[in-house]
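Per-chain numbering from 1; labels A, B, C and D assigned in written order.
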Amino acid sequence: MIQPPAQLSSLVTVDDYEVAARERLTPMAYDYYRSGADEEHTLRRNRDAFARYELWYRTMVDVSSPRVATTVLGDDVAFPILVAPTAYHRLACAEGERATARAAAELGSLYCASTLATTTLEDVASAAPDAARWFQLYVHKDRDFTARLLARAKAAGYRAIVVTADTPVLGRRCADVRNGFCLPDGLVMENLVDALPPDLREGAGSELARFVASRHDPAFVWSDLVAIAAQAAPLPVVVKGIARADDARRALDHGARAVWVSNHGGRQLDLAPATIDALPEVVRAVGDRCEVYVDGGVRSGTHALVALALGARAVFVGRPVLWGLAAAGAEGVAGVLTLLRDELIRAMQLAGCPDLESTRDDVVRRRLAPAGSFP
Amino acid sequence: MIQPPAQLSSLVTVDDYEVAARERLTPMAYDYYRSGADEEHTLRRNRDAFARYELWYRTMVDVSSPRVATTVLGDDVAFPILVAPTAYHRLACAEGERATARAAAELGSLYCASTLATTTLEDVASAAPDAARWFQLYVHKDRDFTARLLARAKAAGYRAIVVTADTPVLGRRCADVRNGFCLPDGLVMENLVDALPPDLREGAGSELARFVASRHDPAFVWSDLVAIAAQAAPLPVVVKGIARADDARRALDHGARAVWVSNHGGRQLDLAPATIDALPEVVRAVGDRCEVYVDGGVRSGTHALVALALGARAVFVGRPVLWGLAAAGAEGVAGVLTLLRDELIRAMQLAGCPDLESTRDDVVRRRLAPAGSFP
Amino acid sequence: MIQPPAQLSSLVTVDDYEVAARERLTPMAYDYYRSGADEEHTLRRNRDAFARYELWYRTMVDVSSPRVATTVLGDDVAFPILVAPTAYHRLACAEGERATARAAAELGSLYCASTLATTTLEDVASAAPDAARWFQLYVHKDRDFTARLLARAKAAGYRAIVVTADTPVLGRRCADVRNGFCLPDGLVMENLVDALPPDLREGAGSELARFVASRHDPAFVWSDLVAIAAQAAPLPVVVKGIARADDARRALDHGARAVWVSNHGGRQLDLAPATIDALPEVVRAVGDRCEVYVDGGVRSGTHALVALALGARAVFVGRPVLWGLAAAGAEGVAGVLTLLRDELIRAMQLAGCPDLESTRDDVVRRRLAPAGSFP
Amino acid sequence: MIQPPAQLSSLVTVDDYEVAARERLTPMAYDYYRSGADEEHTLRRNRDAFARYELWYRTMVDVSSPRVATTVLGDDVAFPILVAPTAYHRLACAEGERATARAAAELGSLYCASTLATTTLEDVASAAPDAARWFQLYVHKDRDFTARLLARAKAAGYRAIVVTADTPVLGRRCADVRNGFCLPDGLVMENLVDALPPDLREGAGSELARFVASRHDPAFVWSDLVAIAAQAAPLPVVVKGIARADDARRALDHGARAVWVSNHGGRQLDLAPATIDALPEVVRAVGDRCEVYVDGGVRSGTHALVALALGARAVFVGRPVLWGLAAAGAEGVAGVLTLLRDELIRAMQLAGCPDLESTRDDVVRRRLAPAGSFP
């Protein structure tokens, strides 16, 4: 059992983990994890939006046995706060993605490994062989390469393919441009060693932006998704990066089994809406046709409750996991996930919700806008 | 007659009392009184919400004889600003809850004593034997113990039982977790000496959170309230901690005689709405069936006027009384209550309200975006 | 002709005048002029509200001859920015109210002298014998005294009686309470020398609050206004301090000739709405029955344009005149009024309004509330 | 080809260019460029308003070949971010307007030269002889002089006449008044050498304000536009400075070929609405009758996308070009325009818009209070 080290007991909130992580990370790595696109409106919106929701709690409900276990695409998870795909975990600690996978598995959460991992997807799998894992995919112009990634993910026992839809090109994170962000010597995008341009480290600005520009397919369209879904079969395909009701329906019409409301943590299109504001429209649009997930700005179990109450099947967290990983490796990831789980349970109890279904019943409202408070 | 000492004359607002109190309290005690749950959204919302209301005052009304005396559950009070139950008054001054009871009685206010007092409910009663007092109850898993508390309250002459509905588990106040909050040597929850777990002081984080987890009944439901009400009879039961119209109706349907809109001073579920925003829905829901009280964020008599104008029978204040108590004991409590009463009277006069009934007549508005301007 | 001294040329805005005034005033006097009631919500609202209005200007209108002269109650004024009644001008400069009257007259503005002047109303009149002047009246419990004030005002050639309706008791301005505000030796409320309680300077807190409590009539009601209007005849009566449509109609029904939307500069009931937000309702309520004036938060000619566009016949300014008076006596008052007049003319030209009537035609809108900008 | 010097590579945003420019400009010049009218509400509104819009991006659209070339009044531009007329470019660098013209031409943007240039319109033309250029016109009281300007612009090959409608008098920019803004020795409004009053530099405050007061025609009305349009023929006339739907229609009815929504960068009427908030009404008002342009607060390509999505044919930028010019002359202008173009392209790709037409299709929303929640 992963045991949080003693010093973690002083980390009471996810923000505490961020402070601890920042102390351990290089500025370039911290900036890479923290930053959003351009003016960072959407980065801020994602989190700030939660402060506009109200939880109209119920009282005198039996909350002695809170039930937070659920399933995602049929697989069991112990609680619906799951690990979003983020790149480059070995920037945060030496064990990297394996530590993340191990901690998520132990807590009964689910880890969605990133194509941009600094560990091969096979090594990630071997770190948590019995856990449900998902694999996040960027569709490359080189469709044979893309197909090989899919085949590898299937062979390694991943349970779903998450196709990222919001990254035809890379959003500009100014901090990375200023820092000339690149991976330090010794780290590499392990899943992509066959795909790396020889001159990747040459040039100003972000190395990752050059990679995406050279390899990702900005011509990938809905009809192409059908082929991807066929290649992925029997694994289900989840489309991640949806903000709109019509896109959610299109995803289902083109072979997706679920949709994931995300704006890439505010790292792609600035001025995109907060995901929590987009979620209700997507939930309404798909009705009972599929599960809907969401990420973006979730920094507490209470935030997660808002998302679940608005119809999310599960909530994914990205940066919080990175802060845990940087603060204390697998123990830090476990610490963050435990914290979020316990916050969710407590918030559900205080909201009068003994189980996840009951969170859907009229518990959340968006706050009215006071006329007087704006400039 | 309690006479405010000279130094109190420089305390012109409730916030002044907080400053004076903070100087006298240990940081752990101050944090305990001040803090709210988690990110403290609701703590801030409670107070900030008042700034979104407008008092559309009337002019040229005879306000030469302002009438603020009223009744609560049939008992006379000199003015409708009453003392909410708060824990651990001996943290604030040596005389503790007895000082509070004495000051409230002398002013003609009403003190609702807390189960978590550092003085027995019998001693509180003896400090203000002739005053109307209420007793606040947490329902324990140990129903016999709960019944004994009720019996003691009846025997000691309390006039109503206030069942707190918003605390199936304790909200997490981060400051207390960081401080490892516990009562100092010599202080104990006097009403609960038979109920204290032997190992209460062992463990990290808040001692109170451990106590609540071990003793409070998170399985307490509406149908159980009927039994509590029967045990409390002939004392009336008030349900405190309501935010929703449907819960208010349920309370009445299960034996409550009145409802109290509260979110526990922002200390339980973060992202709960401001109580002043929840009050109107509850008032509409119960109509003429019962009295409605409210607490949360009231820091001036003008705030109290807003609540009364929105339909509250009376307003309870918690932290302001603690600031008074810490600043100058019973004299400080009397100082705060006098200040609030005089502010209420002045605000009513300036609003053109000669009595409490007239405050209900179209004096208050929520500041909203202009009607019709949203597509 | 009053000539602004050279140093005034560096005072470009009304706020500049406030800075200059503050340097010349005692802290007690500055606080008295500046402060609002209680938490000063309404003080801030008055000014901040202007930032929520938009001027949807017209273009290509002939604005070569801007016409800002108008009449109030039949008397000519050169522009519709007039001098509100404020107390104690000799706190600001030795010449006091006479300087104010002289400057207002020279600019063709109108001065409404205060009952609480430090100069007799007769002396004020003699400083500007040919100008239209109004007299502001507080109704005293001593109705004979009140009648004598009215008779004196008539005899001294005042042109209207402004009955203040918002001060049955004095609002609490915390700064004055803290300062123990009182007039310095040598200054006195000259109109009230017969009415001053002998022990006025004894006691804590604001001397003015004690005076108002002892003399003003909090039982003054609408039906009493009929008698006041009869005593004032043939002078017209204006009721100042109105916020509500129903009160505006009541004023007209009880003998008033005009109504003045005011909340006493945020100095009486805190949480009262901004006057500019109350103005449209009053304008709609009275229709063509009377002129409507407004004061509160006007710190520029552009603010004045908003008020005129919303239907005010004229705008009164209080504190700006005091800042001018303190900064440079009569020259400072003239400087402030000139500044405001020129700002109004320029704003009208830029808004495509060649005259005051055209400002009423769809130029102003209240801004929509953005949903995302509130906490 | 203009090559940005090395130091420009550290300028990642338009705001970076402003910082670099400020270091190179005199305070008087910087203030002149930066400032807005009066309290600068509209200056702030212009930019801040963008933060109230949301881009509800589409996914899985083929954005591999973003198409941003378009036409304005039939002339090709490489992308729809064009150079607004601003005065006095030789305050920013010695080459002045010629540098601006050269850089705009090289990028395939369009430069609208200002009447208030410090370079003659003929010299501006000779710097970019083959580029489409527009000429911005203030209508002078001296209509013969105005006619001569028109004739010169036609002779110099300008392609459109932009009549500024929002400047019957000059807005008051307090910074310029405080600074006593005037052109330094050696610089002059070169197009207006025949029109300069002999005593222009005498007097307090802004020299430009005196010039405008002496020369501009505040009596210019819609019917006069017909004559200007006739004089300008065959060049089309664009009316710049429109905020209202009715004015937009009037412009077309009086000979204009296009309208330009602008509030002069917040430098004329304070409290005017943000241009991005006014744009949709103007677009709806003119329908398919003409092209609509907009300027104001655009500091990124994402801002430009919002404007295009709301119906603008092209977006003009003023201050950003000045910051580039001051930072590095023509190279700086080219740097800013390149930055904005690339930001626009990236934002369009991330929004799922392969071309300008597709931006119009439901991509942008104003963030508003939730529908239905206001009584």
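A few remarks follow.
Operating definition for what follows: a contact is a pair of C-beta atoms (placed from the backbone, for glycine too) under 8 Å apart; a residue touches a chain by one contact, two chains touch by 3 or more.
Please read all numbers here as calculations on a predicted model, not as lab measurements.
With contact taken as defined at the outset, subunit A and subunit C are each touched by B, D. The most distant chain from subunit A, with centres taken as the mean of CA atoms, is C. Shared residue numbers account for under half of those found at the interface formed by subunit A and subunit D, and the copies are therefore classed as meeting with different residues.
A rotation of 90 degrees, rounded to the nearest 5, superposes the Cα atoms of subunit C on subunit D. Centre to centre, using the average C-alpha position, subunit B and subunit C are separated by 41 Å.
Separating the centre of subunit B from that of subunit D, both taken as means of CA atoms, is a distance of 59 Å. Contact with two or more other chains is made by residues 51, 367-370, 374 of subunit B. Against subunit C, the residues of subunit D that register as touching in their complex are 38-39, 41, 51-52, 165-166, 168-169, 171-172, 174, 177-178, 204, 217-222, 224-225, 239, 241-244, 246-247, 250, 268-273, 277-278, 366-370.
For subunit A in complex with subunit B, the touching residues are 9-10, 12-13, 50-51, 53-64, 300, 302, 306, 343, 346-347, 349-351, 365, 367-373.
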